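Heads up: the structure comes next, in structure tokens.
To keep things simple, chains are lettered A, B, C and D as they appear, and every chain counts its residues starting from 1.
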Amino acid sequence: MQPQLESTHAIQTVSEQTSERWFEYPVRAQPHHTDYAGVVWHGSYIAWMEEARIECLRSLGVDYVDMVAMGCELPVIDLSIRYHRPVRLGMPVIIKTRISSMKGVRIQWDYRIQSPDDQSLFVTAQVTLVAIDREKGKIMRQLPAVVKDALAKLSSTSSS
Amino acid sequence: MQPQLESTHAIQTVSEQTSERWFEYPVRAQPHHTDYAGVVWHGSYIAWMEEARIECLRSLGVDYVDMVAMGCELPVIDLSIRYHRPVRLGMPVIIKTRISSMKGVRIQWDYRIQSPDDQSLFVTAQVTLVAIDREKGKIMRQLPAVVKDALAKLSSTSSS
Amino acid sequence: MQPQLESTHAIQTVSEQTSERWFEYPVRAQPHHTDYAGVVWHGSYIAWMEEARIECLRSLGVDYVDMVAMGCELPVIDLSIRYHRPVRLGMPVIIKTRISSMKGVRIQWDYRIQSPDDQSLFVTAQVTLVAIDREKGKIMRQLPAVVKDALAKLSSTSSS
Amino acid sequence: MQPQLESTHAIQTVSEQTSERWFEYPVRAQPHHTDYAGVVWHGSYIAWMEEARIECLRSLGVDYVDMVAMGCELPVIDLSIRYHRPVRLGMPVIIKTRISSMKGVRIQWDYRIQSPDDQSLFVTAQVTLVAIDREKGKIMRQLPAVVKDALAKLSSTSSS
């Protein structure tokens, strides 16, 4: 999985700007998310983070299913997560996410899982994705145009 | 797990009426719900059905966490599910549920998982819950008052 | 999903015999299987049952991955499950399964989830699979030869 | 969640030695572990790693359920994972784990997920646990005696 770093100059310009605003995805801790300790099992947050990421892309005009149909996938290649406080059964929380950096075809996302009133911080995390060509099973040289365009939009929005 | 059937007469009257209207809970098929076949894994629907049930109770004024805090749980004792068509990655669906019958402390729920336009039926299911006293680990003689009241409200609404 | 019932006569003969012996698959209840109540979440059993089924097929010489590579899948079309007693965190259990009937390309499996000493019965279930042609997305006319042969072996073993 | 670092000197001595040998826990990628891409979903590895950790403790004489019954839990407070290559449906893999460091009541585990022949490395990870007093909901001052003893044994084994 050695990335090929010949990404276009255009993308690198975009990547320096990225978003400063968080995308917010609300979730409630249901019984199937919890474990015997009465709190959300530590792996359940991974699913919430994936959902937030995909809905964030959708809000930017990128439908993940369309990307897959076009032959591109964005698997996770790296993930780190810190558990500050447990989320308990029934609690509503907000999954906050934003793209923190882009280098070529690598996209890094930051996460904060908080209470709706922002008073409690439960989890912080970082996730790195890389664009893969499904047929070849190889890392792509550059991001698909639809993702580029969406991120260009994101960049121009956050700078205004 | 032999149920004790000495439920009050009042409850039985309620139970004959139940709801005729469906509670609707929207969900989207995310990557973590799918399996290698590109469709939702057959066990993922069980989680969606639990979420819909708990949110349906919430819409009736019953907070599941409060019930647990009061010493009552509603575990599933019986579940049957029929898979008519697969839900594919990225598809939005509606989990429809309603209480179909109540006998003493047993509550039976019906499910239909459909496309938002009602044109496709993916799954039909039935789930039976029973009220358990957490401390004693035994089936309760009657439902907690908060559930009774909520279901009485449900009953009077559906008959109007 | 209307099945086409033109299965060969040979298969129907096999199907009347099926297995009388249970395949046994041991599992231990780990934290990620449990929920806030300290017992195995009701959906976790579905995963255990799938694992037992696939390992049972493997014991008969059918590698599920090979079947998929050959263009055949065996999705679940019907599942019913009864929860008799909860399995608690850390408990070892045995998933017992066997093919209870075959009609054309439909295979029905019975399940019993028990304690290793057979003294406690936790769950009973039935699951129906159907053979699907992956490319056409349609139910197959007959089971793939590798499955036929395996089940013929099963049949001759159980009658001896 | 600030840890109180007044652990005993005895434990710190143990912690400097830890194990150099890997505990090995075999797993097979089943359909419910995979996602639409035909490979193990990135969150499924978290469950495998938990299972390996609990079975490693069991091999050292520490039954996790007994610990919980005694009022101690070992929640994950930090996790980082790198995905080198995807595990595909049906592949058998070995989850290798060992305690890499102990500081007071913090236990850090290293992971390598490999093919049985050691030729392919799929995942590397680190997980940090901390001992919590269940009743007080606070970090413990020192590890429970049963864990201490087990780790002392581990230490003397690895140094011999």
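FYI, contacts are C-beta pairs under 8 Å (C-beta built on N, C-alpha and C of every residue); 3 or more make two chains touch, one makes a residue touch a chain.
Computed from a predicted model, the values in this text were never measured in an experiment.
Just to note, of A-D and B-D, the chains joined by more C-beta pairs in contact are A-D. A centroid comparison over C-alpha atoms places A as the chain most distant from chain C.
Taking each chain's centre as the average of its CA atoms, chain A and chain D sit 26 Å apart.
Per-chain CA centroids place chain C at a distance of 32 Å from chain D. Centre-to-centre separation of chain B and chain D, using mean CA positions: 37 Å.
Across the assembly, chain D contributes 31-32, 36-37, 39, 43, 46-47, 50, 68, 89 as residues in contact with two or more other chains.
Against chain B, in their complex, chain C makes its touches with residues 1, 36-37, 42-43, 46-47, 50, 68, 73, 75-86, 134. Chain contact summary for the complex, chain C toward chain A: residues 31-32, 34-39, 41, 43, 89. Those residues of chain D that touch chain C in the complex are listed here as 30-32, 46-47, 50-51, 54, 63-65, 68, 88-90.
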